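I have a structure here, written as structure tokens, and I will follow up with some questions on it.
Chain lettering (A, B, C, D and E) follows the sequence in which the chains are written, and residue indices restart at 1 in each chain.
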Amino acid sequence: MIKLAWLIPLFPALGVVINGFFGSRYTRDKAGHIAALMAGLSFLVVLGIAFEMIFGSGGKHTIHLWDWISAGKFSVSVAFLIDPLSTIMLLVVSGVGFLVHVYSVGYLHGDPGYPRFFTYLNLFMLSMFLLVLGDNYLLMFVGWEGVGLCSYLLIGFWYEKQSASDAGKKAFIVNRIGDAGFLLGMFMIWVLTGSLTYLEVFHVAPNITEAGATAIGLLLFIGAAGKSAQIPLYVWLPDAMEGPTPVSALIHAATMVTAGVYMVARTSPIYVMGPGALEVIALVGAVTAIFAASIGLVQNDIKRVLAYSTVSQLGFMFMALGVGAFGAGIFHLMTHAFFKGLLFLGSGSVIHALHHAPEDQQQDMRYMGGLRSKMPITYWTFVIGAVAIAGVPPLAGFWSKDEILANAFFTGHHFVWVLGSVAALMTAFYMFRLIFMTFHGEMRVDHHAREYIHESPYSMTVPLMILAVLSVVGGIIPGFPPEGGWIHTFLAPSLAKGSAGGHAANEAVQFVRVSAKSGGGHGGPAAVILIILAIAIAVGGIALAWFMYLKNTAVPDGLASRFPGLHRLLLNKYYIDEIYQACIVKPIYRLMGSLWSFDANVVDGSVNGSSLITLVSSRFSGIFDLKTVDGAVNGVASVTKFFSQVFKFIQSGMVQNYLFVMLLGVFMMLSAYLFR
Amino acid sequence: MELLFFYLFAAGIIGASLLVVTRSNVIHAALLLVLTFFFMSGVFVLAGAEFLAVVQVLLYAGGIMVLYLFSIMLMNAEVSVRLRQFHRQSFFTIVVSLILAAEIWWKVLGGGAAYPAFKGFSWTLGTTPGNVEALGSILYTKYLFPFEVASILLLAAMIGAIVLAKRTIDR
Amino acid sequence: MVPLSHYLALGAVVFVIGAAGVLMRRNAIIILMSIELMLNAVNITLVGFSRQWGDLTGQVLAIFVITVAAAEAAVGLAILISLNRDRSVLNVDEVNLLKW
Amino acid sequence: MPLVIPDISLSIAAPEVGLAILICVVVVADLFTSMENKAGMGILSLAGVAILGLIVLFQWGGGVRTTFSGFYIADNFSSFVKMVVVVTTAFTILLSLQYAKMEKINYGEFYVMILFAVFGMLVMASGNDLISIYLGLETMSISSYVLVSFIRHDPLSREAGLKYFLMGAFTSGILLYGIALTYGLTGATSLTEIAKALSGLQGAAIIADPVMVFSLILFVAGFGFKLALVPFHMWLPDAYTGAPTSITAFMSVAVKMATLAAVIRVFFIAFPALAGKWNLLLWLLTVFTMVWGNVAAIAQTNLKRMLAYSSIAHAGYIMLGIVTTTKIVGGKVVFTPDGISAVLFYLVAYMVTNLGAFGMLIYLCREDFRGDNIEDWRGIGQDHPWAGMAFVVFFLSLGGFPPTAGFVGKLFLFGTAIQNEYYWLAVIGILASAVSIYYYFRVVMVMYMEPRGESQPAIEFSKAPSIFVALLVLVLATIYLGLFPGSIIAAAKSSVAGLL
Amino acid sequence: MENYLLTLITFIPLAGAVIVMLFFKKEQTVAIKSFATAVTIVDFLLSIPLWTRFDTSEAGFQFVQKVSWIPTIGVSYFVGVDGISVLLVLLTTITMIVSTVCSFSAIVDREKEYYVCLLLMSTGMLGTFMAVDIFLFYVFFEITLVPMYFLIGIWGGSRKLYAAIKFFLYTLFGSVLMLLGILALYFVNLKLGTGTPTFDLTELYAVGPKIPIGLQSWIFLAFFVGFAIKVPMFPFHTWLPDAHVEAPTAGSVILAGILLKMGTYGFVRFVLPLLPQASQLFVPFMVLLSIIGIIYGALVAMAQTDVKKLVAYSSVSHLGFVMLGVFALNQQGVLGGQLQMINHGISTGALFLLVGIIYERRHTRQISDFGGLSTQVPIYSTIFAVTMLSSIGLPGLNGFVGEFLILVGAFKASYVYAAFAVIGIVLGAAYMLWLFQRMFFGTLDNPENQKLTDCNTREILYLLPMVVLMFWIGLYPRPFLARMEVSVGKVVKMVNVAAAPQNNKAASLPVELRSRLKAKNF
């Protein structure tokens, strides 16, 4: 079955071709079905491969298709690598992808750009598969840029809206900045290891110097930060909400943003050699987590809240990678894909229900409330997702998030652990704030839009339910004994041993595993306290949200009035966008404008006709009726024109002037000789 | 003795030529030019070139100056006597020509280191075989080619002058 | 015995006077005469050198100079006459239709 | 004093003798022809010139022979120069057959004067003595004064003639004074004896003597005037504009060629010892000429005057060839023969191109309409593609553009410049020639890209077959020389071999 | 070894031009157009054996024909094609077909002269790429100027006269100085080398390294000026926007597609192998200029309001990349530069065709006049999107392969170069996307835009080969790279064989990295 891996990208490619060329004319409304069918087929192939990998032999298989570029010693081929890490990623991508396809068939029904949307969606799946399946960095980069392009197209799907196309452009350019870092990282890898294929690179990795590994790590992390929206380059994700909700669900929750995490995990052997890079990643992850979570507290737009929650959860994943727990990072990636996908699709069905409300109120929570009775399925699936993300024990979120925090604590990153815990608290708080504002309390929806609110059709609610089941089951089955669960053993061969934090981490991890294995009890005093603390944080967050938004709704306004500065700061997202606009985008515009005028007048001018010379010659020409001196005449040319006028008018027409000049010539020559 | 005659003739030449250049009346200038030529023939005799002296007087003074006088009459050029005679740029000309003369005089003629030793001629005035015979012989033997070219030159000048000066050309 | 330098000096002076005449005077005929003067100055120098070297090349050249002078005079006066046909006064610096 | 009869063999001087006979025949024949078919004189003289060409061709390769006791030398170099002069004359006569009738100067004497000028040039080409060179120069000058002022009814032509005459007479005086001083110092007028005198034991004193320097300067002034090098070029634009166009063409090529032959003989055979001095002098003159000629041409609106300035510039390029032939190796002067062959080839290319350019002017002008202003050429490229194409080829060649003769010529010239390390001169020269492209292509731009003004009279070229044939041959020659210059180069190289 | 193929390819367009001039009257426009297209198609068919029968293992010249032309000075009509020039020749023939077809509707007056100029252009360009004798190269290099001058001057836009003469003079000044360089080489070969006068490149290759560094630098500067103006590199680029904006569509396609390549081709063919020490000496200077070109070109492109000027400045930026690749002086860089020449020819050529199509319909090039076109003209906007993505170097399309190799080469030369060059990639994405957004996204408010008709079959016909090539080179560049690999290897070996006195990696890597690099010594 593994040998058929090349089928996975082929199906979406087929979908793209069909919908792309015949979309507008023939497969008008059936485009959605075709696209979903293709996604489903590739999902089946993935299941087959996963089945063979999990229960079969496992290990690493490379399928070579054709060699792509070769220039001297640099040669790269198009080949796929199937190993545990890529299998997990394939499962997540194709699974969530298939569900989103089904969901968007219903969601986008009747939209004029219907075939175009599904072409882009299939193109996105194709690029994501290339990214995950590629056996070398270059093919990953191809997928990487392809995904960036699709996010540009999908965010800017409703291109009539100026804000949508601006958001798309912003996303692509910020990604491109990240890609620049990725490119430099790739070159360094090639220069230091002589190849770009993973197996060869990791084979040579041990004898890379620490400085080299750190440099590569940091450069690659810039790429990851650009793609997975970490601190400096996260600004595009919140704006990406301009795109349709399934897009946000698929791209900005489950798959694309996780590419960065996958890349760091994949290059773990190099990162291990450069611990400095890991420290940076851990710190950035933690800071991003708490920073995004804090913004999420006060946002009123339902999708913005989820967007900042994604950024903060990604912060968690990078925190896991930073502390060396690559397995935990991937595990959280998987669980996050489930419940964040669920939450986004849930919010999508809410917005879908409110589409009769005025444009700006459709996504604003202040004009929602009391939808619980109207949309029971959405409500309950939404609650499961929220509970999972908050980290309440039985559900998926608890296992993966707790593991990250535990690893952070035991590997000595106490500051990171503190930040993580506070972020977890905030996560629980804003998730349940969202639920109480949208589903509970009295109905604040616009009057005439109220009668249109109804439960979404089955094509939308079925994926919600599936994801809800996955959110519940997805955490406990693979990861029950923390650190010892099935997922860790499965992923171990393709991830480097997390040696971060030196020997202490291993000992602590062993300790936890030992305690877990002893009959599922929570042995070991430190681990037990940690788990209890985590649960307390989750429940505390929920209670706080319950108290402020259900019990007496005056409290949030009171708080806002008492700390007006802090509230406005958070509401305006720390004015980050304005800062970027002021200190990066504006100067570029000014530079651009000045360079253009510099080019038009000075470079062109100095070569063409510097103002001084033309001025002189034009005034001079007034006297000698210069015919064609215009400002743009070539500088050298205007000098020559100036002298040509001078020479022309020396020819006075009087013979004796000529004779005099001749005599003068003789005289000059004579005196030059005699007195030299 | 010889030197005395030389200074006399030189003074004559320089005086007359200065006058030629400065006189406003064209006819006076022409006549003064004839006077110059006479003094020149004197110098030539002193230098042992008797034939040349005679040719100077006969050909130059007689032939060319007559031509000038005819053309002056033809163009009744004396009407221009009253007009400003000197060219506007004459001031610069005087300055430059004086400096040029000084320069030649001091640097060029002062040198003379490279001049050959004096040899002079064997013949004396009036004796045969004198200057004329020697001149005649080499003119038709050694310098035959330039002689022929000179004749063609004169022919060309003649035809050219006729073509330009004739009032109307009918034939 | 007249030293060579005297001849050369005389020749040079007359040459310069002729040249100055050409440049200063406005009347075309006077200019022609000045050119004659220059040529004669050259004759003097030639004769001086011929006397010094003791061979007749100088004098032969002088004769040719005279023929050339005659030819030039003829052509020059012809041009002046053809110019004079429609313009009575013959000042050289009025003749400047061709310029710039 | 015994009469020594020198050996005189007229066969060596056959071209000059033949020409003299031809002149007499034409003068006599002119008496019997009526006013209408004066063109017959043209055809007669054309036939004569053709015969003359055959004679010169026959003389080619006969080794170095002198006659008339050293005054006349006939070697490959002189035959090459004479060949160029003869071909130029043939084309001039061909071009002026119709032109003369149109300008109403259709007298027999017109062709006679041309032949006299040719006679002068042939004498200069094979003059081995300062006197014969001077006399040849004077014959050429006298006849060209007459030719320039030949259009009796046109004030411009008379004025041009006067200016040319006055300048010419003044300069011949200067040249004569130079010759006198040289004779005075070296005691001889034959080029070879002068060289011997200068190189001999006493020579060092003569070279150091300021009188020699003064005479050298006078020589440079005299020849500079004829070649129109910068300080002495002022007469050229007025003379060329005023003169009849076919004469301008004739003068711009033939006079330059003959004077150049004289310059090469005088400076390379007579004054090699002084090379150190005149090399620097000519270097300066070349730079001024190239720059002044090209730059002044930009501002011109009259096409004929522009071509005049461009011929000054080309004189500059030619002098560049002369200057870069001399290579000062540690004080001693070494002549590289390639330089002179490059100059000769360049002149052949220049002849073909310049005659063509002036021929085009003649091709356009009619009784009432002179095609002299650049504006008159507006819109010609559109409805007369072939005429436009011909002019583009000529301009390409003048500017030194690859497929044409001008390019190969310039290539050789700058080649020798670089070979003898005259880098700066080469750079200035090549930039000046690049500037020249600007004003050549301004005319092309007017021809092709500006529409015909309403006020301007319709374009119709003169119907005379002679002009059409001449132009066709010239265009083909320009391209042929550009593509296959091999034969002419070989001829130029062999002609120089005999010289130095 | 007489092989008449190359001579046929070069001179068929010339023959075509002469036939059109002689036998077709001005009115028979349809006959002229079809005849011209037929000539270009025949030319293309003839050039296909160059691709199929090209022996990829042979580094030297193939299909060689040598006939002595001016024996006295050692000039011979010596044409040959090797890895470096074979693809450029093919690009020329394809572009000629496309530009002939695309000017059917664009040119309405004086068609006869137009197609004659076009065919003359073709001969000039083909000759330049095939010439192995430097004299022949220079002759063809200059011949291409005249037809392009007429193309811009007669059929150009509003300021056509000024643009035409500016283009002509700029390139001429450069090539004239280059002539001095050639002559210097010629005479140095006489002194140092074989002593027999020759312009033959293969013999001059031997003499190149032996020239003393001082003279070699002067010759380098002469060649540099000649080719840098043609490329164009930073200070000399001001003619490009004018020439592009004023040239007719076909003119700017040829100008961008092929004429600019002569500059970079010149560097790879002549400057690198002939003047190795000087090239190594000037690497920092050249790289600095190309990086400035990249960033400066991109930034100024962003400020443009005229589409064609924007694309022109983008060419400055792209060719800055090519020059960076060439002067990385290693196999990856030069090969990347060489491939990027082809890619730039295709993508920028296609861009100009597209701009031409929209210009024919709307007669305006101001970006502000367009908006929301993708709803009105979907096919046109998809082709435009693909071309734009290829030009900003999206992986999977041709731009990426070339750019990636260049950056790899540059990084290997020194990581500082690559760091700045990468900025160019980001800026590239920025101005292209901004253009795409302003033209195609947004609302379709302008009434004229609503009347726009989509591409007709003819237009799609001549855009199709370009798009197919973009995908082909993007997905499977193997055949292209294989053909260029060996010849480029030879050039790189020639440049590096004479190691310059001081190491050319001016920028210093961190010490361990440097040592690590040394260990890997590749």
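In this text, a residue touches a chain if its C-beta (ideal position, glycine included) is under 8 Å from a C-beta of that chain, and two chains touch if they have at least 3 such contacts.
Everything quoted here is computed from the prediction, not taken from an experiment.
Colleague: Steps needed, at minimum, to get from subunit B to subunit E via touching chains?
Modeller: Shortest path length, in steps: 2.
Colleague: Quick one: point me to the chain whose Cα centre is farthest from that of subunit E.
Modeller: Here the answer is chain B, farthest from subunit E.
Colleague: Across the interfaces B-C and B-D, which one involves more C-beta pairs in contact?
Modeller: Pair with more contacting C-beta pairs, B-C versus B-D: B-C.
Colleague: On a CA-centroid basis, which chain has its centre farthest from subunit D's?
Modeller: The most remote chain is A.
Colleague: Give the identifier of the chain nearest to the protein's overall CA centre, each chain being represented by its own CA mean.
Modeller: When every chain is reduced to its C-alpha mean, the one closest to the whole-protein mean is E.
Colleague: Can you check how far apart subunit C and subunit E are, centre to centre, with Cα atoms defining each centre and the answer in Å?
Modeller: The computed centroid separation for subunit C versus subunit E comes out at 66 Å.
Colleague: Express in whole angstrom the distance between the two chain centres, defined as the mean CA positions of subunit C and subunit D.
Modeller: Taking the mean C-alpha position of each chain, the two centres sit 26 Å apart.
Colleague: Where the CA atoms of subunit A average out and where those of subunit D average out, how many Å apart are those spots?
Modeller: 78
Colleague: On a C-alpha centroid basis, what's the spacing between subunit A and subunit E, in Å?
Modeller: 37
Colleague: Among the residues of subunit C, which are close enough to touch at least two other chains?
Modeller: In subunit C, 8, 18-19, 22-23, 32, 48, 52-53, 60, 64, 68, 71-72, 75, 78-80, 82, 92-93, 95-99 touch at least two other chains.
Colleague: If you look at subunit B, which of its residues touch at least two other chains?
Modeller: Expected reply: 87, 89, 93, 97, 100, 104, 107-109, 112, 115-116, 134, 143, 146, 150, 153, 156-157, 160-164.
Colleague: So which bits of subunit A are touching at least two other chains?
Modeller: Expected reply: 637, 648, 651, 653, 655-657, 659-660, 663-664, 666, 670, 674.
Colleague: By the document's touch rule, what are all the touching chain pairs in this structure?
Modeller: Touch list across chains, by label: A-B, A-C, A-D, A-E, B-C, B-D, C-D, D-E.
Colleague: Given the complex with subunit A, which residues does subunit C contribute to the contact?
Modeller: 19, 22-23, 92-93, 95-100
Colleague: Taking the touch rule as given, give the residues of subunit D at its contact with subunit A in the complex, in rising order.
Modeller: Subunit D reaches subunit A through residues 162-163, 166-167, 170-171, 174, 210, 213-214, 217-218, 220-221, 224-225, 230-232, 234-235, 237-238, 277, 281, 292, 295-301, 435, 438.
Colleague: Which residues, counting only subunit E, touch subunit D once they are in their complex?
Modeller: 21, 69-73, 110, 113, 138-140, 142-143, 146, 149-150, 153-154, 160-161, 164-165, 168-169, 172-173, 176-177, 179-180, 183-184, 186-187, 190, 218
Colleague: Mind listing the subunit B positions that touch subunit A in their complex?
Modeller: Residue list for subunit B touching subunit A: 87, 89, 92-93, 96-97, 99-100, 103, 107.
Colleague: Help me check something: in the complex, which residues belonging to subunit A touch subunit E?
Modeller: Within the complex, subunit A touches subunit E at residues 24, 66-74, 138, 141-142, 144-146, 149, 152, 156, 159-160, 162, 165-166, 168-169, 172-173, 176-177, 179-180, 183-184, 187-188, 190-192, 194, 208-209, 211-212, 215, 588, 591-593, 595-596, 599, 603-604, 607-608, 632, 634, 637.
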